[in-house]
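As written, the chain order gives the labels A, B, C and D, with residue 1 at the start of each chain.
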């Protein structure tokens, strides 16, 4: 199962801004585990992140699909 | 006893903007009475006015002098 | 340091050299120019308020407004209000300018600009300054209505 | 009246024809141009907030800032925030624009303009909008310090 992952801000200290993930992740909880397998140092920041697809946030029970592009959204710090 | 009187805003419906008053008015209470002798219709508005000389407000016990220029200040309505 | 004790004004007002900004203006207010004077490297927040002439008041159609002022006292009081606000909220800049004369719909009657390190202070001080200007400064508004009437001192434009 | 049900945006946003104002901008914010779009004959009060880059944060000297954003979602959320504020406070105009990319000291990172018949609504709505933009919109700040360090996401600039 291949997904595209886009990360922003502090997450870029742990991951490439955009990369392909080839792993089983049926929802965002599982996706989080797969990402921690890549870099466990991201635990704190990942725990405070939300996930989005296109223009909408998704819940932890949203079913991820092959070829989804998942956006990982750290807490806002605009303004 | 001659004083110069300057009035503003709604007071101009009752008095000339600037005029000389030749009458006994030792303080602003007496000045108000002299002004009501000229136009008693100004009572309501005069009761809500403050008085000033140059750049400062004066109290009702401030002693008025010959040749003072007294400014009569209706409630503010700027903004 | 030698200072003239007879000077009634500080060497700096509005955060600008004395005299740069006239707090009472018979000319249209230049908001862009005022804003350009409000930037400060230590200020993270700039708040600008502009009170503008509305086309109606309590259902009556307004054609224009006129403001008059007892200028010497108005200038002194506005400077005092700005100095107190600058002190109380630690503002980097506090600017105010009130128009006098005849104004058309949409023209700005009064502008207040405050800048501070953080936005809470800039908003609070700005609201405080405009409130005091409307209630304490000898400036008076006359509204001219499309039905031919006029009215002095209806203190509710904005 | 026939309307496309698939259109995610109203025909008018920010009180201006759709697309006139980009809520996320990679170019320096043009405050003067934004203000010029904020006048309304029924509005007695215009409030503008500009969040600007300060030269220090908690004692550390800042040399520049960088903002990045997940733009599609940021645009949608800012439009939602503005629409809700326009409705709640009966605003005549509600405009917001947030800068992305690298900013120098003194540059404006975000501008919010609100106009209403009376000033209380314009101030309240303005503060509400900037609060929500700072906390809900996927925009992130990175501070670069003169000591060579940098830090993501310190949400306290203004």
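Heads up, the rule we're going with is that a residue touches a chain if its C-beta (ideal position, glycine included) is under 8 Å from a C-beta of that chain, and two chains touch if they have at least 3 such contacts.
The model shown is predicted, which means the values in this text are computed figures rather than measured ones.
Chemist: Report back the single chain whose CA centre is most distant from the CA centre of subunit D.
Modeler: B
Chemist: Cα centroid separation between subunit B and subunit D, in whole Å?
Modeler: For subunit B versus subunit D, the centre distance works out to 50 Å.
Chemist: With centres defined as the mean C-alpha position, give me the subunit A-subunit B separation in Å.
Modeler: Taking the mean C-alpha position of each chain, the two centres sit 75 Å apart.
Chemist: Quick one: subunit A and subunit D, Cα centre-to-centre, how many Å?
Modeler: Measuring from centre to centre gives 26 Å for this pair.
Chemist: Which residue numbers or ranges of subunit C touch two or more of the other chains?
Modeler: In subunit C, residues 51, 130, 157-158 touch at least two other chains, as defined above.
Chemist: If we use the touch criterion from the header, which chain pairs count as touching?
Modeler: Once each pair is checked, the touching ones are A-D, B-C, C-D.
Chemist: In their shared complex, at which residues does subunit D touch subunit A?
Modeler: For this pair, the touching residues of subunit D are 8, 51, 67-70, 72-73, 76, 98, 109-110, 130, 133-142, 152-155, 157-158.
Chemist: Subunit D touches which residues of subunit A in the complex?
Modeler: 6, 8-10, 13, 52, 54-57, 71, 73-79
Chemist: Within their complex, state which residues of subunit C touch subunit D.
Modeler: Of all residues in subunit C, those touching subunit D are 31-32, 35, 39-56, 105-106, 108, 117-119, 122-123, 126-127, 130, 156-158.
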